[in-house]
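Going by the order they are written in, the chains are A, B, C, D and E; count residues from 1 in each one.
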Amino acid sequence: PAVLAEPAARSAPLVLAAASMQEAMSAAADEWARRGHVRPVIAFAASSALARQAQAGGRADLFVSADEQWMDVLARGGLIVPGTRADLVRNRLVVVAPVGRGERITVRRIATILSAGPLAMADPRAVPAGRYGEAALTRLGVWQSVAPHVVRAADVRAALALVERGAAPYGIVYATDARASRKVRVVGVFPADSHPPILYPVARLRNGVSPDAEGFRRFLLSPAGRAIFARFGFAAA
Amino acid sequence: MILSDAEWEVVRLSLLVGGTACMAALPVAFGLAWLLARARFPGRLVLDALVHLPLVVPPVVTGWLLLLAFAPGGPIGRWLLDWFGVTVLFRWTGAAIAAAVMALPLMVRAMRLSIEAVDRRLESAARTLGADPWRVFRTVTLPLSLPGIMAGLVLGFARSIGEFGATITFVSSVPGETETLPLAIYAALQTPGGENSVWRLAAVSVSLSLVALIASEWLGRRWGRRLHVL
Amino acid sequence: MSFDVDVRCQVGEAAIALRFATGAGVTVLVGPSGVGKSSVLNMVAGLLTPDDGHVRVGERTLFHAATGVNLPPQRRHVGYVFQEPRLFPHKRVRANLLYGAPDAAPLTATAAMLDIGHLLERWPASLSGGEARRVAIGRALLSDPAFLLLDEPMSSLDPTRREEVLRDIERIRDESRLPILMVTHDAQEAERLATSIVRM
Amino acid sequence: MILSDAEWEVVRLSLLVGGTACMAALPVAFGLAWLLARARFPGRLVLDALVHLPLVVPPVVTGWLLLLAFAPGGPIGRWLLDWFGVTVLFRWTGAAIAAAVMALPLMVRAMRLSIEAVDRRLESAARTLGADPWRVFRTVTLPLSLPGIMAGLVLGFARSIGEFGATITFVSSVPGETETLPLAIYAALQTPGGENSVWRLAAVSVSLSLVALIASEWLGRRWGRRLHVL
Amino acid sequence: MSFDVDVRCQVGEAAIALRFATGAGVTVLVGPSGVGKSSVLNMVAGLLTPDDGHVRVGERTLFHAATGVNLPPQRRHVGYVFQEPRLFPHKRVRANLLYGAPDAAPLTATAAMLDIGHLLERWPASLSGGEARRVAIGRALLSDPAFLLLDEPMSSLDPTRREEVLRDIERIRDESRLPILMVTHDAQEAERLATSIVRM
């Protein structure tokens, strides 16, 4: 009797992760591999694109979303394994201005200041950062007066670039993005209660087959995992 | 299919941006095509590569380079601001610039192909009939390159109507000013449950370019009928 | 002196060299196929630049290597009937005929003379070989040239039309006294028209 | 300019994806170009519009449509799975499909332009010499359309090398599998302080297509020298 | 019977109709420019489909409207020298000559006969008018045709070469007995070659 089949090579889990987490996720995967596991394969794209790929039946094991809404969509569709959803990290929303320019934002004058010129933010209709920004400005009661000045970038990084280049005097971005740019400084931080919490949820996907997925998910949520994300400016959830 | 007022505005803007981009790029593209097809000068290959650039680098990078150039502190942006007091940032003119730059390589290639196919013996015949080079160009080279010009216009218009990455990076999405069809479609696609809107707007995009296509086919066929023999 | 030509030119592997000076009337250029007759006509018209020598027609110097004179084709006022018709495919026959014409008035007479009046609204692609040839002759004549270059103008013309064109050339030779340089392989034609014959 | 191992991997992948896409699209594009240039059939305009589609709708939508078609439950995806047991999702083959679809309209247009410029009298001459239509096609139509094929290949390759939106929407950016140059550039743009990497990778993109460009210019010139007269 | 032709065809505004039946040898077709001679040749070759009538050459029916017979050009075994050369610009002279040849052996002899042996490696774009014409004749002859269609084959040939080609055609007529249908405007040529003359 011949050897009919070799045992299937232990397949690496496929992780779908939001593009904005590329560095942090890669670092986490490296660390996981260093601990003697198979390094997961990570697919990066916008949360919406990843969610659609999962919806379409793409075989993936883990989903790390930058947007709770899309995780909700998958949950409603029965595409995630119940009980595996957890909040991985948290972010904050800030106002930035080019280095050496712009005044410090005060709640009293916020409308006046932000209406001084184009206000760069991610598209409030589409991108989570924009949605959070709109929510915060609405809560502060200034959205009506600021809205006409808003220019909607494709994502947070594009909004940041507009401020870096001086194309817009102010922009609303995540703290993680502001922190990394040497060309902008933070001139204001939105109160945490002015917008829904900015959470990055993780969950295992129904379609997944890799036995390693659960281990990697637990690693991400472990103190060691969270420490890696903290290194890139994310706050603990 | 009934569009909302906001959607009509998007369509109007797309036509404005796409039409302006095409018309502005047309003479530039033809000039470049002519240079690349006919002239022999040092740096010809560099020019050729430069023209193809927007095709090769991702649109986002093109948009980013446009931003660097046209931002108030950038080389062109400063000049526009100092001399004309205008800025194209967040304006439909900026969207048209992005669309034109992205459409340019397609237009140049198509036109160049036709210019290279022009029978140069006809040009010498025209010269013996007293036409100076400029008249030869206008009356012989240009009309005989018409198939390429038409193809370039169709490709360019379609590309302009579909341009997304460079536009949103360069001028963002400002409703009524820079929010063209692809930008509206992108926004709808990001939103859970936005599929309906995506289909509607995509259908509009397709119809617009279908009209351009039919027009060009019709013109092309009229033209072809004259020149071809059994 | 009508034609005072002395040209040398390397075309591919063929070294073409010819010198002749002829008086008023028709100069017929004869020689075997491939010897360089069309190339000489191209040099006189300014479409091919000789490596050396000169080209004078009538009183005008069109090309002179030594002094660097080299008039562009459009300033030589040549009426050139090419060996192949070279009609503009994107222009109707009428527009082809008038392309080089300073004045549209002689169109009707010329068209009648060449029997192409009924073709004026046609596209060149639909013409027969002889029709295209006659349009090409008409186009050259209508451009009000200072001299004529005819490269086998009578090929693919039927005897009747050939006779007519021959008479027209004779009339041009005798009346308007345009210098004419013509290539032909037909001995009869050459004999009848030639004031001088140049053999290559 | 020294690239890291990971960057070399990106370059290798880009060449693999771009080359495969071009080669796979070439016969399809030529067939379509030939049909559009020559055949008269009902639905010709619909086919024409369909070919132009990826140019008009934003790449993101094209990527999404590809996803719907190639997903395990989609019409093509199911078939691939049932018959070959393969899926293209998250695979380089999927990236090549996206690149090919995006490059197709450019290739078809350029080729069609050249096919339409072929002198049909040469084709009838070939037939009187005993060539059946297929031989006429191979020995006359095809070689005389070579300028358009070259132009189509260059445009298509450049487009493939630069394709971003459809690829990331369809197959995401999987390092070592689907992360081509534009996706890596995008990732670098997303990364704070990634500008250096952006410049390096963009320069690589440009060099790659420059090589393709120079090769095509060189071939084109050799070809042109034969056909053209003074 | 060599040619048994009865065709009617509307080409643009011209209604072309011709009927003739001729025996072995050379049938010369003469007529004024634009009367439809080339169109008739195209119909015999299968490049133009007559509205009605029939075309028979030798024993073979090439076209018969009534029975729906219509052989495609590639199965008519025609050797067609067109009014214009129509050489393949992307193939060297040698490849042009061999394009329709079932056998490369006769190449050397044919090239020598037409005096084009020195041109074999050239591109058609670099040929003179007469050189291109001779290559076109060679290409048709080498395709081993069952009959020949010659549309003014001698135009732009110098007297020496014309005489040679004339002799070759005579030899083909007398030795290989291929049916030949030829258009010419030259009365001498017609008289010398024609077994029968058809006037349009």
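Going forward, a contact is a pair of C-beta atoms (placed from the backbone, for glycine too) under 8 Å apart; a residue touches a chain by one contact, two chains touch by 3 or more.
Since the model is a prediction, treat every value here as computed from it, not as a measurement.
S.K.: Comparing centres built from CA atoms, which chain ends up most distant from chain E?
M.R.: The most distant chain relative to chain E turns out to be A.
S.K.: Farthest chain from chain C, going by the mean of C-alpha atoms per chain?
M.R.: A
S.K.: Averaging only over C-alpha atoms, locate the centres of chain A and chain B and give their separation in whole Å.
M.R.: The separation of the two C-alpha centroids amounts to 35 Å.
S.K.: With chain centres defined as C-alpha means, what is the inter-centre distance between chain A and chain E in Å?
M.R.: Between these chains, centre-to-centre, one finds 77 Å.
S.K.: What's the distance between the Cα centroids of chain D and chain E, rounded to whole Å?
M.R.: 45
S.K.: How big is the gap, in whole Å, between where the Cα atoms of chain C centre and where those of chain D centre?
M.R.: Here the centre of chain D sits 50 Å away from the centre of chain C.
S.K.: Taking each residue of chain D in turn, which ones touch at least two of the other chains?
M.R.: Where chain D meets two or more other chains at a single residue, that happens at 60, 64, 121, 124, 186, 189, 228-230.
S.K.: Which residues does chain C have that touch at least 2 chains other than itself?
M.R.: 47, 84, 126
S.K.: For chain A, give me the residues that contact two or more of the other chains.
M.R.: 46
S.K.: State the interface residues of chain C toward chain B in the complex, per the touch definition above.
M.R.: Of all residues in chain C, those touching chain B are 45-47, 72-74, 76-80, 82, 84, 86, 88-90, 99-100, 123, 125-126, 139-140, 143.
S.K.: State the interface residues of chain A toward chain D in the complex, per the touch definition above.
M.R.: My answer: residues 14, 16, 19-20, 22-23, 26, 41-46, 49-50, 52-53, 56-60, 155, 157, 176-177, 179-182.
S.K.: Once bound in the complex, which stretches of chain B touch chain D?
M.R.: 45, 48-49, 52-53, 55-61, 64, 105-106, 109-110, 112-114, 116-117, 120-121, 124, 147-148, 151, 154-155, 158-159, 161-162, 164-165, 181-182, 185-186, 189, 198, 202, 205-206, 208-210, 213-214, 217, 224, 228-230
S.K.: If you look only at chain B, which of its residues touch chain C in the complex?
M.R.: Residues 121-122, 124-132, 139-140, 143-144, 146, 226-229 of chain B touch chain C in their complex.
S.K.: In their shared complex, at which residues does chain B touch chain A?
M.R.: It comes out as residues 60, 64, 67-68, 71-74, 89-90, 165, 168-169, 171-174, 179, 186-192.
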